Amino acid sequence: MNDFVRAFHFVGDYWSHHLLGSNHSLADLTVQHLVLSLKAMVIAVVIGVPLGMLLGHIHRFSFIAINVSNLGRALPSLGIIAILLPYTGISETTVIIALVVLAAPPILTNTYVAIEQVEVGTVDAARGLGMRPWEVLVKVELPLALPLIFAGIRTSTVFVVATATLSGFFGGGGLGDVIANPASFGTYGVIGASYVLIVLAILSQIVFLTIEYAVTPRALRRPLRWAIRRAPRARNVEADPTRTHPGSGAGADDHPDDPNRQLQLEQGSKIE
Amino acid sequence: MTLGIVRASVLYADKGPKIPDFGKTSDCVKNNGSFCWAWFRHNWSSQFEPRLWEHIELTVVSVGVGFVIAFVLALLAYRARWLAGPVTFVTSVLYTIPSLAAFLILVPITGLGRMTLYIPLTSYTLLILFTNTLAGLTGVPDEIKDAARGNGLTPMQSLWQVELPLAIPTIMAGVRVAVVTIVSLATIAAAVEPVGLGERIFDALNKGNFHTQFIAAGVLCVLLALVADGLLVLLQRVVTPWTRARRTR
Amino acid sequence: MTESIDAPDKGTSGSVSSAAPLEFRDVSKQYPGTASPAIGNLSFTVPAGEVCVLVGPSGCGKTTAMRLVNRMIDLTSGDILIGDKSVTGRSPADLRREIGYVIQQIGLFPHLSIARNITTVPRLLGWSRERCNQRVEELLDLIGLPQDMAKRYPSQLSGGQQQRVGVARALAADPPLMLMDEPFGAIDPINRDNLQNQFLRLQREIRKTIVFVTHDIDEAIKMGDRIVILREGGELVQYDTPDNILANPADEFVAQFVGQDRGLKRLSLTSLGAIDLGPPGDASNGPAVPVTSSLRDALSVLMVESVPALRVTDEHEQVLGSVTIEHINNALHTDTTRVSTPDLVK
């Protein structure tokens, strides 16, 4: 129990001071960690959102779009890194690629579902009013889909922030440098860096929940329930934007009780 | 630039790859080519297979024990709904603890043995298994529960004959997530205790980035997760034949 | 087409008859914390083998009353007796195994085949497998579904088919009483009509005691041997045959509830065959209507064709007599006991 207390001191001592054997402070490492995560997230968003939007708009390839996130989740991150190492070496690139492989699928799936499930009637009305396809996409589908898209990005962010710790083994920097290094920093050091990591994860959740709330059209907001999770009651899981991937059975192959939809209720990935 | 690279470079800077000598070292291995199939086949049963089984064992035991615990908790919370909040909170907190930290914290308590790994791994499964089991049960439509009661099933009979079977898809979905999550985390466990496929990965690091070993271990790891996921999907389809039935006209 | 129903033998404690009378004796139900009871002192008796429809505006307590019978809700005071036995005499589960239960949302178990759905109660009662299989065969015939349906799952059936299975499930253990809560409410109107007709034919065969809840007065008139009209608070306003209620509504509320067109509704309850017809000659060239037509349909034809009289024919096109508006009017104002037996082939 001592270590837990010492860990606090550790954070306090080394937040602004250089850690032993390096010229970085904990604050520096935290920034590195965030930067690394950000790089991966940007790439993941650039890949996932446009592709998801396209597929969702044309209502095609639903099976792939929805199940790719299951696939992405299943892939062990360390395994991916191991496979990449011979090709991209021990570098930040390897870690980023692995992070993108794991972050992009949920974003893709969420975006797909978000766009796809904008009600057919709404889209129809928009077309009937004379909007061109891209206008429909940008002015109607996108705004309605934004909360869900951001929910997907939020999930991926928490995941990436957590998994970026692995870079401590493979030369990417960040908090992993401490967490993966008990030999140098002792158990309390690892715990201390973990405190910081947990705070980062929680903060990113809060930031994104705020963004989601902000981009939800006022009419669709449900204030008190926004951040509170609860088990779904109805047979058809509502598209609750606070869920990670609501997936309300958009695919033609999806049965209303498709467990893939429930599969996507989990909280985002494990902090590595 | 970072401690990681410092560490890695200290290991093998200027020394060239430290390839283990297995007697006749092939050229492929000496040159650290991408994947030396012969080496892999030669060493499969001594180096990789046991690790694979260790990995499977870690996963199965952790998810199995976690499932039992989560199942009991979910049944309790199903009867007494006020429990759902506290249990979710506790399991969430457990889930949030970074795995490396968790393993390390336990070392002084449970020593350098399997328990140090089993305890955190099991606790990481609790959140998803509890959430999905409870969600599966509460997701059973009210009219079906009404029909069950109205036809004379006792609460117990209704639970076991109607509600649980209908909750299976959701529960299985949770099990799938739990399994692949633990497969992934078990690789990380090797940083603390040389066990499972993760051990092969870290070992390869120490051997100067032995490429074949990286790829072998990495691919095995990925395959394990995918195969496990696929098997569970099949299992679920076998156990819930009604979910595939469609109106033919 | 239909086969006789097995009489249930061992296994059930007590009621062995295939239909039992039902009595509400001073029944009250009040939910804790509410100002007034949902049902207050409700009393009436349903003779064995009759369909009693509970009807009224929403909130009148009709569904509550029904659910008190199989103790899905518990009584606050009073008693309900099936045959001579109080419903509180045994455990709710045992009680419910002797009462058929059909609900609006149907509630078939999605994970069980049609056969296992139907044999829910028999299996609870411990029937042998052969007996169960035989019962499934009988019931599928009874409800008019092909035998190969037995192995299918509910999701493979249409709504109408599912509800028929729901009825079969309720009948499986040959209970003396059946409760039906808006059973055809979730079905589209066309199929609803068919289902109602099928059900009436069925009831003529099996003659169960049935409590049928609906908010639709037309359905009540069509389905009920007797109708209980309830007002808010479970207050029984009138309990009588459909014809009597239409002819003599107890008060303004009932009159409003059955609608201003109750005269016409009454006419639809009787066929030409039940009234005195005029001589064939009076309608020499008039259009013909079958003797099985309701008075209401006949009236409609008279008005549409703008003729003074119609020829009434039997199934061989033989003219049996003639009918004018006079005749119909007379029938409407005749002693109600004469036309109180709805003989219309539905």
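Each chain carries a letter (A, B and C) given by its place in the written order, and its residues are counted from 1.
The rule is simple: contacts are C-beta pairs under 8 Å (C-beta built on N, C-alpha and C of every residue); 3 or more make two chains touch, one makes a residue touch a chain.
From a predicted model like this one, the values you see are computed outputs, not experimental measurements.
Student: Under the touch criterion given at the top, what is the topological distance in steps from chain A to chain C?
Tutor: Minimum number of steps from chain A to chain C: 2.
Student: If I rank A-B and B-C by number of C-beta contact pairs, which comes first?
Tutor: Ranking A-B and B-C by C-beta contacts puts A-B first.
Student: Quick check: how many Å separate the C-alpha centres of chain B and chain C?
Tutor: About 57 Å separates the centre of chain B from that of chain C.
Student: Quick one: chain A and chain B, Cα centre-to-centre, how many Å?
Tutor: It comes to 20 Å between the two C-alpha centres.
Student: Mind pulling the chain B residues that touch 2 or more other chains?
Tutor: 141, in rising order.
Student: Per the contact definition, I'd like the list of chain C residues that touch chain B in the complex.
Tutor: Against chain B, the touching part of chain C is residues 70, 72, 93-98, 101, 103-112, 120-121, 124, 152-153, 155-158, 169, 179.
Student: If we count contacts the way the header does, which residues on chain A are in touch with chain B in the complex?
Tutor: Of all residues in chain A, those touching chain B are 3, 21-22, 24, 32, 70-71, 73-87, 89-91, 162, 165-174, 176-182, 184, 187, 190-191, 194, 197-198, 201, 229, 231-235, 237, 255, 257-260, 262-263, 265-267, 269-272.
Student: Applying the document's contact rule, which stretches of chain B touch chain C when the two form their complex?
Tutor: Counting only chain B, the residues touching chain C are 141, 143-144, 146-154, 157, 162, 165-166, 240-242, 245-248.
Student: Give every residue of chain B touching chain A within the complex, in rising order.
Tutor: So the residues of chain B in touch with chain A come to 1-8, 32, 34-35, 84, 88, 92, 95-101, 104-105, 107-108, 124, 127-128, 131-132, 134-136, 138-141, 169-170, 172-174, 176-177, 180-181, 183-185, 187-188, 191, 197-198, 201-202, 204-205, 209, 211, 214-215, 217-222, 224-226, 229, 236, 243-244.
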